[in-house]
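Both of the next two complexes hold subunit A, though its partner changes from subunit B to subunit C.
And then the complex of A and B:
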């Protein structure tokens, strides 16, 4: 079963536990600056939005890479960067429409979410379930359920 | 480990910046943050120094767990000698700049001297420089934040700044970081402005590593986050209601100081409570509260993000206040609300915004306005001083007028910026000042919560709830219930809370975790992260050592046991309503026992034996 990260910004408090979990898993330090998932704060609106790679099936980054450093992991569905192949040309960072492939100047390679090999640490660290890792076919079901609950059936029946 | 073991020393007089190693011998005794910075203050300053002179130091200090995945591990403190109290000051703040400083590779910044002109310190990892700030002087915190972000071009730059109130000499000016988190109390912002230091801007991309036992640390922090999540206060009450959950509770037990502590219950408490913040407004159908928000690494997320009703008189035609910003916490809502008799939620949210915008401590601000209102009603202050504004209890217009005056220090704002003690002295009624050691009380009346009377009287930074929050025990039953109306046993309770809290404040964690955690929950996290063996006993010993060193500093600064007292109103005028009706605060029944279990003399002085026991510096 393929699984996906789903993100519900309404539940996010902006605590950055996800960024620390991600950077610790991948870099060995607690370092939001090197996280593959980022929480954006929209101060005036009072909103916090976690954002990361959605692992496109037809991945722009993968197709753009001139040295085939980005490959799909068949088990997790994640597009993974092979550090030994990546030449740091950054073409993938331009190709990605969402900006979720980033360059790491300390290593000269690009970094992106690889779903931690199927156990994404951001999701397990999130204290409010704003980030969850669910059956890929079920993405959106929670949102559908929430909207369904808001449908005013009683009112429409009486009209 | 977990300390970066590096200090950034900034001599403002000479514009010199140097890196130096952290004194690890002291870290082993004083942990970090509050404790360790106090040790540096003790070493480097004359306790008798002028708080606003170049001889005072200003220290930004993180703890060993700051910047890690330990829940709430994002705290930093500003430590200095207070211009409000003349005692040691240590104001703790959350937000994000503490972790950013650690991530840039620094445990502490020590500022010394005084810059010849306005500057701010810009830190990008190991690079630090003083930048001219002539253009920022005279600007609010919010404007300064915007302008520095424009300069760095990096939205991730974290900024702490002082506002116009600090520049004008308001004695309770705060250091505001991340727009609406405050190192709030005791005038630490006033000291910063006195050094011509407008702001500290930090970008740290190195991260915090260096964990002693990473696997154990991750296991321990994960376990302890679960404890917070499953606790009713930290898992449900605080995220849903914020600290404002207390407003109605404290009012019901008759410990909500009202009208400058003349009364202990406020008739409009429900109008300014957490519940009121969630009620949809008539005008636009939206509640005051938009959402809760977390500081760095915090899995509790008690912070409030709020809006003001756009039609409210305070913000009419002022769209700059129509967006979301940091909303009301209990202390601010109490001081600017109940203590002034103002039951107008939008007015309080506005004055809270302005306290953040121009860097004032909302507790001291509100309590000083309350004192001014009593002075006005008694005729000691007249409309001559107030440009015709009637400073009456309950007047939202007066409160809003006052905050605008203090923000800039104009006119009567300069008087209000003196704080309650000096204001009441100036107008001939020192007895009306509700302060200890010159610092205004927070939101618990010690006639209704007796332990808080001893807490206030003996607090090393003047009246403060965060030095030993016995409300946890006396009202909420954490860790066990004690009777708020009796004095028996409170001396021991206060000492235990003081010592434990000093340790918490020195680790990089938030004291709000202690609704669910004890040192038993914290020691394993610290021990997994840091070199040396850290257990509960060692933390308690360090906490007690820190408490005694702060006390020693204050004694050398000229304070004495005579300062461990409360205003006559709380000792002589009984509560007139509620469960505490007929009660005064029985301080004299607690203080001698407290001195005794502290190992101090009858006059509250440290003994050589106590100094030796904690290996205090000479």
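And then the complex of A and C:
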């Protein structure tokens, strides 16, 4: 059973533990700027919204890559960037309509959420269960994914 | 069914692989006219900086990938196409029958029509062969003249600078990358290049290239001249569709005009990528976009219709570009130059080479330019292509254009 990250912004307190955990796991430093999950703050409404890649079916990043550096991990369903293949052209960063693939100027490669190989540290670090890692079918990501059809030029594609 | 694909670039290869996914029994042949395995021109700048080897440019990395998936790749040049008999002639090999044909033959650099442009010291930067010539022709301290400060010219600047060459860039437009960046953005990019030791001459033209034996004298408008060991011409491209002469296929400026099924005016002949004049998402008009995401999208949609005509409709591809000029990253989306009666928001930080410009029509985002930004820029695509009504967020973006992610979350998820 594939699992995916599910995010409930109502439970987020803006503590940024997820960003710290992500950055430490993936970049070896506690630096929210290097996190693949990002908490957006809505001051006026007093809300915090954690946000990262949904590993969408359309996989815009994967299809946009000119050198086949992004592949789906069949065990986790995550789109993973191979650092040894990525040339740093950044086409995926403009192709992803969710804005969740970013260029890391220090390494010259792109970075995105890879579900930490099936044990996402943002979810385990979240003290309020705003971020959980659960059965894909049960997540509330439908809303995020549904609109992707609006962006899809081939909504009726059979493949 | 036998599907023949002319062109082994991203559009052709994605089409071939998509056909294979849809039909396990189809015969699929890709005809490419370069000797290397299918590769990506997008990767050439990184080959020139030696970040990767030639193999790093290949579209598929596994040696026998195409054989394994049952795609035959033939190295040859198509001489002509006869739609009446559904056949084509190759320059060297035997003729070939097809049930459907995809023209994905890309484009070829245009050299500016000036005396001496055909000389030995002048090269394009388009193929792996060109890249080898450039790599061999540059020494630390050598003088290089780059004709054209468009996308390709700019993206190879890093490689040229890091090789220790002295660079002069000659651009006809009034700014760098005029087809992708607005005046402020293009002008900032020029300042960035100057600060990296590059001489940039905008509003200028090369008038002649004179062979002087161990160098060339490049004559530039305004009575200027520069001695150069190497001249790189990156002054635009034209579609490769000469082999369709006599086939009755409608062309526009030499590119194949395609309908919503990626089909040309001739039944059974489709087109995709740089050679195709297809629908633009933003304007609804037909144009050649010549960008990687469009090539791949065309290829995938064409393949669906080649297997089953009418199965997928093309709604139009969106123009988008991202460019790294010696470490300064710029991007453009959709109608970045705005529309009549539209509205815009800008944020300028000239000292730090940061710039963000948003274009609106009503309360929808229709285009953008960015400079010096690498985080979450893809969401600009999401906002433009989703055609979301921004409501109150339009004014918030006009106050602070950096709130693009917040605006997106608010309008798509009802958060905030």
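General observations
Here is the rule we use: the second predicted complex is superposed on the first by the 140 of 159 C-alpha atoms of A that agree within 3 Å, B and C clash if a C-alpha of one lies under 4 Å from a C-alpha of the other, contacts with A are read in each partner's own complex, and residues count from 1 in each chain.
By our rule, a contact is a pair of C-beta atoms (placed from the backbone, for glycine too) under 8 Å apart; a residue touches a chain by one contact, two chains touch by 3 or more.
These figures come from a predicted structure and were not determined experimentally.
Of the two partner chains placed by the overlay, only subunit B lies in contact with A:30; subunit C stays clear of it. Judged by the touch definition given at the top, the superposed model places A:21 against subunit B, while subunit C stays out of reach. After overlaying the two complexes on the shared chain, residue contacts for A:56 are found with neither subunit B nor subunit C. Number of subunit A residues touched is higher for C, counting subunit B against subunit C.
By the touch criterion defined above, A:72 lies against neither subunit B nor subunit C after alignment on the C-alpha atoms of chain A.
Legend: residue contacts after superposition of the two complexes on their common chain; A:134 is shown touching neither subunit B nor subunit C.
By the touch criterion defined above, A:13 lies against subunit B but remains apart from subunit C after alignment on the C-alpha atoms of chain A. Of the two partner chains placed around the shared chain by superposition, subunit C is the only one that A:96 touches, whereas subunit B remains out of contact.
Once chain A of one complex is fitted onto chain A of the other, the partner contacts of A:125 are limited to subunit B, with no touch recorded for subunit C. Overlap of the subunit B and subunit C interfaces on subunit A comprises residues 44-45, 47.
Interface residues of subunit A facing subunit B in the complex, by the touch rule stated above, are 13-17, 20-21, 23-24, 27-34, 43-48, 125, 127-128.
Listing the residues of subunit A that touch subunit C in their complex gives 9, 38, 40, 42, 44-45, 47, 49, 51, 60, 63-64, 66-68, 85, 87-91, 93-105, 108, 143-144, 147, 150-151, 153-154, 156-159. Against subunit A, in their complex, subunit B makes its touches with residues 67-69, 71, 96, 103, 156, 179, 204-209, 214, 218, 225, 229, 239, 290-299, 301, 303, 305-307, 323-325.
By the touch criterion given at the top, residues 10, 14, 18, 21-22, 40, 42-43, 45-46, 51-52, 56-61, 281, 292-293, 296-297, 300-301, 304, 308, 311-317, 320-322, 324, 327, 329, 331, 333, 374-382, 385-387, 404-406, 408-410, 412-413, 415-416 of subunit C touch subunit A in their complex.
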